[in-house]
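As written, the chains take the letters A, B and C, and residue 1 is the first residue of each chain.
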Amino acid sequence: MSALLRARGLAKRFGPLLALAPLDLELGPGQALAVLGPNGAGKSTLLRLLAGLARPSAGTLEIGPGSASRSRRRRAIGLVGHATFLYPALTTRENLVLTARLYGLDAPAERAQRMLAEEELLAVAERRAGALSRGLAQRAAIARALLHGPQLLLLDEPWTGLDARAAARLSRRLEAEQAAGRALVIVSHDLARVAGLAARALVLVRGRAAWLGPEALGDEKALGDAYAASVNRLEAAA
Amino acid sequence: MTATTPLRTWQHASAVALAVSAALWAFFVWRAPIDAMQGPIQKILYVHVPVVLGAYLGFFLTALGGGLYLWRREERWDRLAAAAAEVGVLFCTLVLVTGPIWAKGTWGRWWTWDLRLTLTLLLYLVYVSYLLLRSFTEGSERAARFAAVYAIAGLAVIPLNYFAIDLAGGRTVHPENLGRGSLGAGMRAPFALGMLTAVAAFAHLLVRRLEVGALRSERDRREAEAFREEA
Amino acid sequence: MNALVAILWKDLLSEWRSRDRVVAMGVFALLVVIVLYLAAPPGSGPEARAHVPGLLWVAWSFAGVLGLNRAFALELENEALSGLALAPVERGFLFLGKALASFVLLLVVQLASALAFALAFDLDLRPVAGRLALVAALGAAGLCTIGTLFSAIAVRTQYREVMLPLLLLPLLVPVLLGAVRATNALLLEGTLPWPALQLLLVTDGVFAIVSFLSFEVVLDE
């Protein structure tokens, strides 16, 4: 089984600040990785590096087979970031159609319609994205990221702003994606939700990483304890 | 330290070349005959013409450094671009200062919108915009990238500007090339040495500025190390 | 190609809904025409009026810069620009889409202000209308290609409003000189000088190529 994602010595520096210390990471199809840590630890930086939005200061990153072109790599990735990437002047539907066209999908209007139905966004399909509530905008952003069926899903705090029902639906969706062979990297503070999804976790504290294995991710309590211990250890090592 | 050692050699070499060249040049300028028509003010041309070389060489190197940076993503090419821009703008300033001084002394006007003057003025504006872009972009990697793109665009526009100003009828006033016999006896040596001195001066200043750039990079690297040790 | 049309459609649709760019550009251009009229009224001598075509290009280029400044402002909300950067499409096509949108808006403003201009100065533009449109379009194309590239750069710097004209104006000289030359000849003599046209075509080509190729690196974070 070939890895979807291979990072070796991946690091990011902003001037004198080392946002991410050199990191090795490998992820195969159907695998999910949780990324945990206090604010400002470098989690979002890692995600942006994996998404190809930012260039690493050091190290290598491969998405898909080694020979994959830039276009194929981008096609393989779906990112749910802190911002929604939605155009406020366009409706939800129009935003999705635009995304479909940017990703070269066939029948963009139908794809958008299907996604709107799946994510229960039909009620706000004709509303301008700028007028969506936070929760709805987040759901639209998730729909946008999933639209082109990416192999690798990168999610930064995806449950933020979602009500219980929408949050549960997202968890189910992510489980389904994982079962379908997609790889997930999820940054989240919501330990309960990631414990159910991921088999491994990466704990980042000020750019430095520690790993947690499946035993820690059995349930929320176990994860909480393991996480706290990890954070203490990383901070003490500083 | 290793980054600066080869630069140090170049620095000493260019300093020597500069000193020798400048001495010879000054000697020949002093000895050069006073131009019959223009009078002593003509001697400022021995400065003006050589610094033009520096001004255009500077921008060429800036664009080259930028292009190489975009291709290779190695910081040292960006350092070249930044250094060449600062040295080049200095030379360009000298062109725009010595030119009008000479013009006032001979044609009686400080400025005309002639082809070469306008072209150099536009180059100066591009230099300034380039340096401002570098200053006002946050993030050294982003600044390097943006500056490189701008420098390449700026270089591409120089020949376009030439034709544009020519089209607008700006060919008139500036004296044509001083080769081919229009140089009187005793004028060839100071001009040639002037060019040599300009190149030596440019090289020397460039090397010193590169050294500053290398030291800054080194400092940043050490700060990052120290930060990581602490963190 | 699909992406180009998608971006073009998005920009024009957004503009249609808010109309803020084209109104600002149009009002600005109109103001300049009015100022020109007051400064060199139709009655004043041929020397004063000879400069007027050039000043029309001042109006058009400043209106163009005004529009270009706003072109990437709409990409900053919700980090939409990052959304574009993620797309698996040749980024040069994203550039073309945005440049074309700005181009269309500028053409609209040029048309409206040309009419105002003809009215104010009592000019009959009909004999030169086609060729004037060509010159206006070529000038607008040069402005919008390199202008879109620099707008994408300027929007991520400090003082972005000032940065765009600062970066743009020294490089617009070939476009402006060519366009002014051609416009002058058209309005005063009724001829279209080939050298000016040639300069515009070459400059537009160079700018389009440089911008298209550079957009890949400009859109990185």
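Just so it is clear, a contact is a pair of C-beta atoms (placed from the backbone, for glycine too) under 8 Å apart; a residue touches a chain by one contact, two chains touch by 3 or more.
This is a predicted model, so every value here is computed, not measured.
Colleague: By C-alpha centroid distance to the whole-protein centroid, which chain wins?
Modeller: Here the chain at the core of the arrangement is C.
Colleague: So which chain is farthest from chain B, going by the mean of the CA atoms in each chain?
Modeller: The most distant chain relative to chain B turns out to be A.
Colleague: In whole angstrom, what separates the CA-based centres of chain A and chain B?
Modeller: Chain centroid spacing, chain A to chain B, equals 49 Å.
Colleague: How many angstrom lie between the CA centroids of chain A and chain C, rounded to a whole number?
Modeller: So the centroids are 40 Å from each other.
Colleague: Taking each chain's centre as the mean position of its Cα atoms, how many Å separate chain B from chain C?
Modeller: 32
Colleague: Give the residues of chain A touching no fewer than two other chains, as numbers and ranges.
Modeller: If we look for residues of chain A contacting two or more partner chains, we find 55.
Colleague: Which chain C residues sit where two or more other chains touch them?
Modeller: 220-221
Colleague: Where on chain B does chain C make contact in their complex?
Modeller: Residues 70, 122, 125-126, 129, 132-133, 136-138, 142, 145-146, 148-150, 152-154, 156-157, 160-161, 163-165, 167-168.
Colleague: Show which residues of chain A lie in contact with chain B when the two form their complex.
Modeller: Touching chain B from chain A are residues 13-18, 21, 55, 206-208, 238.
Colleague: Under the touch definition given earlier, write down the residues of chain A that touch chain C in their complex.
Modeller: Answer in residue numbers: 48, 51-55, 70-75, 77, 79, 81-90, 94, 98-99, 101-104, 129-130, 144.
Colleague: Using the touch definition up top, name the residues of chain B that touch chain A in the complex.
Modeller: Where chain B meets chain A, its residues are 73, 139-141, 220, 223-224, 227-228, 230-231.
Colleague: Considering the complex alone, what residue numbers of chain C touch chain B?
Modeller: It comes out as residues 146, 149-150, 153, 156-159, 163, 166-167, 169-171, 173-174, 177-178, 180-181, 195-196, 199, 202-203, 206-207, 210, 214, 217-218, 220-221.
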